[in-house]
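Both complexes shown next keep chain A, but they swap its partner, so chain B is in the first and chain C is in the second.
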Partner chain A sequence: MENNTKKHEGDLHETQHISSYKQHFSTLVALLLLTVVTVAISVFGANLRTLSVATALLIATVKVIVVAYYFMHLKYDHKLYTWLIMIVGLLFVVFTALTSIEYFNR
Partner chain B sequence: MATLSTDLNYLQAKKGLFSWIFSVDHKRIGLLYLYSLMTFFLVGVTLGILMRLELLNPGKDLVEAKTYNQIFTLHGVIMIFLFIIPSIPAVFGNFFLPIMLGTDDVSFPRLNLLSWWIYIIGAIMALSTLLFGDGPADTGWTFYAPYSVKTGTNVTMSVLAAFVLGFSSILTGLNFIVTIHRLKTPGMTFLKMPLFAWALYATSWIQLLATPIIGITLMMIVAERFFGVGLFDPSIGGDPILYQHLFWIYSHPAVYIMALPAFGIISELLPTFSQRTIFGYKAIAFSSLAIAFVGYFIWGHHMFTSGMSGTGRFIFSILTFLVAIPTAIKVFNWVATLYKGSINVQTPLLYALAFIFQFMIGGFTGLVLGALATDIHLHDTYFVVGHFHYVMFGGTGFAFFGALHYWFPKMWGKMYNATVANIAFVILFIGFNTLYFPMLIAGLMGMPRRYYDYLPEFHLPNMISTFGSWILATGLLLMLGNLIYAYFNSKTKPGRNPWGGITLEWQTQSPPPVQNFDRMPVLPKDGPYDFEHKPTIKE
Partner chain C sequence: MEHASGFVLPNSGHNRDAEASKMGMWLFLFTEILLFGGLFIVYMVYRMINSEAFLLSSFELNVTMGTINTVVLLVSSMTIAMSITAIQKGNTRLSVNLLFLTLAAALIFMIIKYFEWSAKIHHGLFPGMEYYENLPKGEGLFFYLYFFMTGLHALHIIIGAIIIAVVIYRTKKGLITPERYTLTENAGLYWHLVDLIWIYLFPLFYLIH
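And then the complex of A and B:
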């Protein structure tokens, strides 16, 4: 069942949204599959060395996006919240980039 | 507008201990923070004076080396996490932000009370390290790995305390951001908001975005201590420089959590005591955001001698110099505000002027430390100790005291003895500079920090510094004694607006009623410092 109801005109929380069981279940399956992939890479792809860390981080990032988008209802929220999360993500990327530049030039 | 009940002010509305410790009134919560902060501040001062006594002469004077290490660690933890970080936002932000915005409370009053309780729990955890095991941590407030992973002192409890205190900081920041966005009185836009609110807004974003990083970093220390996971300890595959990166990614922006609210206070004091519009309102407002933004990317300057790469040092040094630009913008605008103003020399203004003088010394010595070549010579010397005390105490500490004298009549509806307050200020100013300036000299001479002993050639600056600590303590006691005496005994009623201020808190009663305003506040025509169209305030 999907239900979008207008609550407060001009308010940031414009709509109330109830996700379907199907959507919850699909998200859960996606997360479980991604976890299986992470474990498989760590076991069978150990010779990838640094690349295995990068791959694990990439999969974790995809999982974060799935959780935020569906479980935490970012998809149905005001776009401002998506922007805020993207800014925080960008900040994280800058922190990591500066630290990595320092590390790889030692 | 509905009639507001103003028979009782917020101090009289309810009686009893529970009416305070479970109050959701932002003004009462502000005072709860004030009383608890000042208690911990005095503990921190006592530890500082003990350190100075030990350093009066070379060799052992008072305590063993390990005890000295524990004293300076606890001094740092208390002063940073229990006093300076929460100080201005938690006390004056809580009390005055809603009033300055013309509203009746913060957005989440219960969350506000929870923040204070979390703060108290964190404080008890920090102080409990005195009571069990091998005593408080002896690592310094930075908890540098790998030593913090190996020492037998109570590091775990100390970092857990800092972790818990972080939640208080995050929740307060969140509360202020939502309050500023949602609860400004009709007609008050962002560019008509007082500069103290702007400063709190920039600070709150740092609290919200940077504090989680220190939380997870401190948890990594605990994981390393209990499970030996090899994050920071090189003997089990860790990287100690990674700890320094993670620690300073938070702790450098935290310097601006401490400094930005102080800038906001100065931006309130100068227009009031110059009776003129602040020079460069937009420049001051946006420079707060610029400082908060640039402040995220300059943490590496704390690590120039850690063994980090030359490329890293070069990048962080350049970025560090960038932050001087918005800071200098503020200072020039403050000085320009004083120019041709109708200057009214009162105690709060003296603190503001001392702030500018001392913060400039702190800022300039910061540039010396931000330059790679000079930092190699000065890193881990007393020059750094002098530098950050000039910024933190000479800056934020003096702004805090200035704010206390500025808003005292509004908070309690009583006036202190101005002559005694001015004498206390002079003693405090002399004591502060006698205590900390010799540290800059000792540092230039090469005296390393964090030792309980030193070579005989450093005796003179250390002796002067210890004398300064006694003068400073005298000034502090006189200042606090004067305020406490006024609180209990003063018969002088200051009225609504003793300083001729123009922001909204001066339009309400002193002390304010529970709902903050007994009549609808009137916004000045052209922004918050429009002294030419000052609203008439009747008693």
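And then the complex of A and C:
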């Protein structure tokens, strides 16, 4: 395409995807709904103790993925970023798992 | 661009690389994730050892204030994301206004945090205070971790606010333009990370009981 020629080598902005205001607003609404759910479970479901720990962390993880995917623009970035983040996440999960295994085998 | 001496580097003014700057920012964010990750593991282990004490202590925290701060941070994440959209579309003025909104959110967060911390300190729950020293060991640990982790997070809010202020200044001076807005993007990434950490801190300290 003609209009794809860049001024400089490093000028990647011109070909970048622009997220719409509407999309950002929808993302916020989704995040607020998830917050309402997680607070509601904690306040009204206090007797489901183990369940509430698991669901709270699960909902938090969903929120983190939504923020990273839309607000942090990962959806439209090079896939390399997603892979790197997954490696860092895996590293954390491995550390956590090893620590737990050590703890439970005392 | 011309140097006073007349000497000009072969690629003067052409050596910026938006993609590499972004990658650099992400690599820095990874170190931040692992910093807080280590603290989360410490929290997990102490919680397993003192589950009853942690449960009891978590009722001391104010869920309403924590929820308000969660909403404030989520909204500020949206405003800074929109600010990037605005500068990409060439609307510099809107971009600056949205950055000011983000800054206002940071201020609201810190004010609420101030009231929360003051209430806890008023009750003598800060490590080193007399009441704190007489708490059962597990409850002491909970408040130690609470102050350390939310304190480190609050420090990140302050640093983020300073970075946003710099972005506002540079946008107003015309140093950040619709063609060149890497700093706005990187400030956004940092701010989102601060939000991400709070998304985990909030349920772990305030909600899990």
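The criterion applied here is as follows: the second predicted complex is superposed on the first by the 87 of 106 C-alpha atoms of A that agree within 3 Å, B and C clash if a C-alpha of one lies under 4 Å from a C-alpha of the other, contacts with A are read in each partner's own complex, and residues count from 1 in each chain.
Keep this in mind: a contact is a pair of C-beta atoms (placed from the backbone, for glycine too) under 8 Å apart; a residue touches a chain by one contact, two chains touch by 3 or more.
Note that the coordinates shown come from a computational prediction; the quantities given were computed from them, not determined experimentally.
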Chain B versus chain C as contact partner of A:Lys75, first or second or both or neither: neither
Contacts of A:Val88 with chain B and chain C, given as first, second, both or neither: both
Chain B versus chain C as contact partner of A:Ile18, first or second or both or neither: second
Chain B versus chain C as contact partner of A:Ile101, first or second or both or neither: first
Partner, of chain C and chain B, that touches more residues belonging to chain A: C
Chain A positions touched by chain B in one structure and by chain C in the second: 88, 91, 95, 99, 103
Partner chain A, residues of chain C touching it in the complex: 14-20, 22-23, 26, 30, 33-34, 37-38, 40-41, 44-45, 48, 63, 67, 70-71, 74-75, 77-78, 81-82, 84-85, 88-89, 179-181, 185, 188-189, 192, 195-196, 199-200, 202-204, 206-209
Chain C-touching residues of chain A, taken from the complex the two chains share: 8-14, 16, 18-21, 24-25, 27-28, 31-32, 35, 38-39, 42-43, 46, 49, 52-53, 56-57, 59-60, 63-64, 67-68, 70-73, 77-78, 81, 84-85, 88, 91-92, 95-96, 99-100, 103
Chain B residues touching chain A - in the complex, by the definition given at the top: 209, 213, 242, 245, 249, 296-297, 300, 307-312, 315-316
Contacting residues of chain A [partner chain B, same complex]: 88, 91, 94-95, 98-99, 101-106
